[in-house]
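Here's the structure, in C-alpha cells; my notes come after.
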C-alpha cells in the first residue's frame, strides 16, 4: 500500500490536470498540503496566484509556466515558487505523462482574464473535495490530516495509524 | 531608533485599527510579514479569513474576536491562529490602547456580510501600501524586505544595513 | 492570568539569564519553542550555535552579542538569527532589566572555549526542565505543547483549554 | 540537465548511504536543505537525532528505521519526522536500490552507542562537503544556496540562473 490516495481530485475549476493527495499530509496548523499533480501532455492548471510558498519536485515528465516560456522543469528538478507569484502551469507536449510532487503552504487563488478571483483552494477546500469524492464513490473517508488534533468542522470517519516516527 | 516604522498603515478597507510594519521584516520567500497592530478601545479589524498561520503576542491592552465572546488576549498572551479560521478582531472597551505583535504568513482575505471577497492583504500589498505612504509623506522608502535578493516588481530606494547576526 | 508561565528556568548551564516559557507554545511537530528571555544589566547567555532560525523581539531594555560590538537591540526591535550563527548574548549595562520574546526553531548548542559541545537545548529538553521545575516547586504540570497530539515520552498532568481560534 | 548535483556526498561519518544535494536548495535563512538520499539494499545511515522537522518522500525502493521494525516506507510514501526523534535508517534487503527525497530543516546529530555526539550535520556542513568534493574532483563550485544573498563564510565560485518563478 502506498502513501498516495488513489483518488483523482480536480484542483482547479478550469484546468484539466488532476492531483492525488498524500496520505495524512494535510496540516491544519501550518496550512501545508502535500500532493502529486499529474497530467497528460498538453494539459493545464489555469492561471493562479500563490499566497504562500511552494516547493515542487518533478517525479517524471516535464512541465512549465506559460508566462516563462524558456524554463522547463524535468525529472529530478526542484522549484520554489514565491508567495505572490502568478502563473499558468502546463504539461509539456514533447514529454510523457507528468507527475510533480508539490508541498503547498497556504492558498492558490485562481484568476479570470481580468485578474478577478474565481476560486481559492487551501487545505480545507481540498480536504472537503476529498471527502466528497470518497462519499460519492463509496470509499472510506480516511483522516488525511496531521497532526491529529480534531479540526472542528471537518469530519473524517476513519483514522489511520500514526505516521511520524 | 527602534525597529518599528513610524508609519501608520491601514490594514483593512473597513476596520479602524492601524499597524506598524517592523523594519526589514517582510519576507518575499516565505510570505511572512511582521507588524504591530494597534488601536484604541472599541476599534475593529473587519471580518477576515487567514490563508496561512499566524502567531500573535499581546504587548499591552486587551483584544478578542467577536465570534469567540469569552476569550480575551491580554498583555503577555500568545495566540496561534490556524489557516482557514475566520473572525473579526476588536480592541476591548475596558482596557487601554492595545498593541499586538503579529507574525503573519500568507494572506488575509477580508469578507463582506455574504462571505464574498472584498480584498486580499499579503506581503506584497502591504509593502505597496508602505511605499505609497512614504511617497505621499515625503519619507524615505526604506527596503523592508529580508532576505535582500531583489524582488522584480517592488521598488525600494533606501537599503538599511544588514539585520541578521 | 497571562500567557507566561511564572516559572524561571535556566536556559544555559553557564549563563545567568532566565526564561519564561509561553503557555502552550512548545511545538513538537515543527520544533518551535516560544519564550521570554529576561535578565538584569550585565547578565549573559553563554556562547552558543543555532541549528534552526530564530526571531527575537525586544520587549524592554537592551541587549547584544559580544561578537558584534556595535549592534544593540532595543525595545521594539526585531532580529532574525540565521541557522549556523554562533554568538554570546549579553544584557546591556547601561539599560534597565531586559525582556526579549524569542521564537526558536530547533536547537541551541552551547559551546566551550574550544568550540566543543557542552549541551544542546531544544523543545524537548526545555519541556523536561519545565516539568522538573514544577515538580520541585509543587506547581501543576500544565501541558505547554501545541498541537495537543500526545508526545510519547513527555508526561503532562494538566491540560489547559484550547488556545487556537 | 537535471536539478540534482551528480556528486555523491557522504552524509554520515559511519553510514554507507550517499546523497545528492538538489541544485540551489540549501537555504541559509531557514536552515532547510533538500537532498536525495540513495543506497543499495542493506546499506545504513547510522543512528542520529533530528533537531528540526523532516519530510521524506520515497522515490523508489524501500527503507525503514531499525528502531521501528514493522514500519517500511515504499515508493510514493511520505513521512514526517518530528524534532527530537532518534533512529537508524536502513535500506530494505528485499527491495531494489532506494532513493528518498528529504526536506531537512536544521541539524542531524549522529550518536555513538552511549548516546554521545559524534558529529552534527546542517546546511553549512553539507555545503562545505559539497565544496570540498567539487574542488577535489575539479568540478565547478556552483552556488547551491537560495535565496542568493551572500553568506559571509561560504565561498561559491559559480552562480546559476534564478530558480524561483
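Per-chain numbering from 1; labels A, B, C and D assigned in written order.
The rule we apply is simple: a contact is a pair of C-beta atoms (placed from the backbone, for glycine too) under 8 Å apart; a residue touches a chain by one contact, two chains touch by 3 or more.
Everything numeric here is computed off the predicted structure, so don't read it as measured data.
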Relative to chain B, chain with the most remote C-alpha centre: D
Rotational angle, Cα trace of chain B fitted to chain C, multiple of 5°: 180
Copies chain D and chain A - interface residue numbers shared by over half, same or different: same
Chain A and chain D, separation of their C-alpha mean positions in angstrom: 25
Inter-centroid spacing, chain D versus chain C (mean Cα positions, whole Å): 28
Contacts with two or more other chains, residues of chain A listed in rising order: 29-30, 80, 82, 164
For the chain B and chain A complex, residues of the former touching the latter: 28-31, 51-53, 80, 82-84, 105-107, 109, 117, 120, 122-124
Residues on chain B engaged by chain C in the complex (per definition of touch): 1-4, 22-25, 34, 36, 55, 57-59, 65, 68, 71, 73-82, 85, 87, 101, 103, 146, 163-165
List of chain B residues in touch with chain D within their complex: 29-30, 147-149, 164
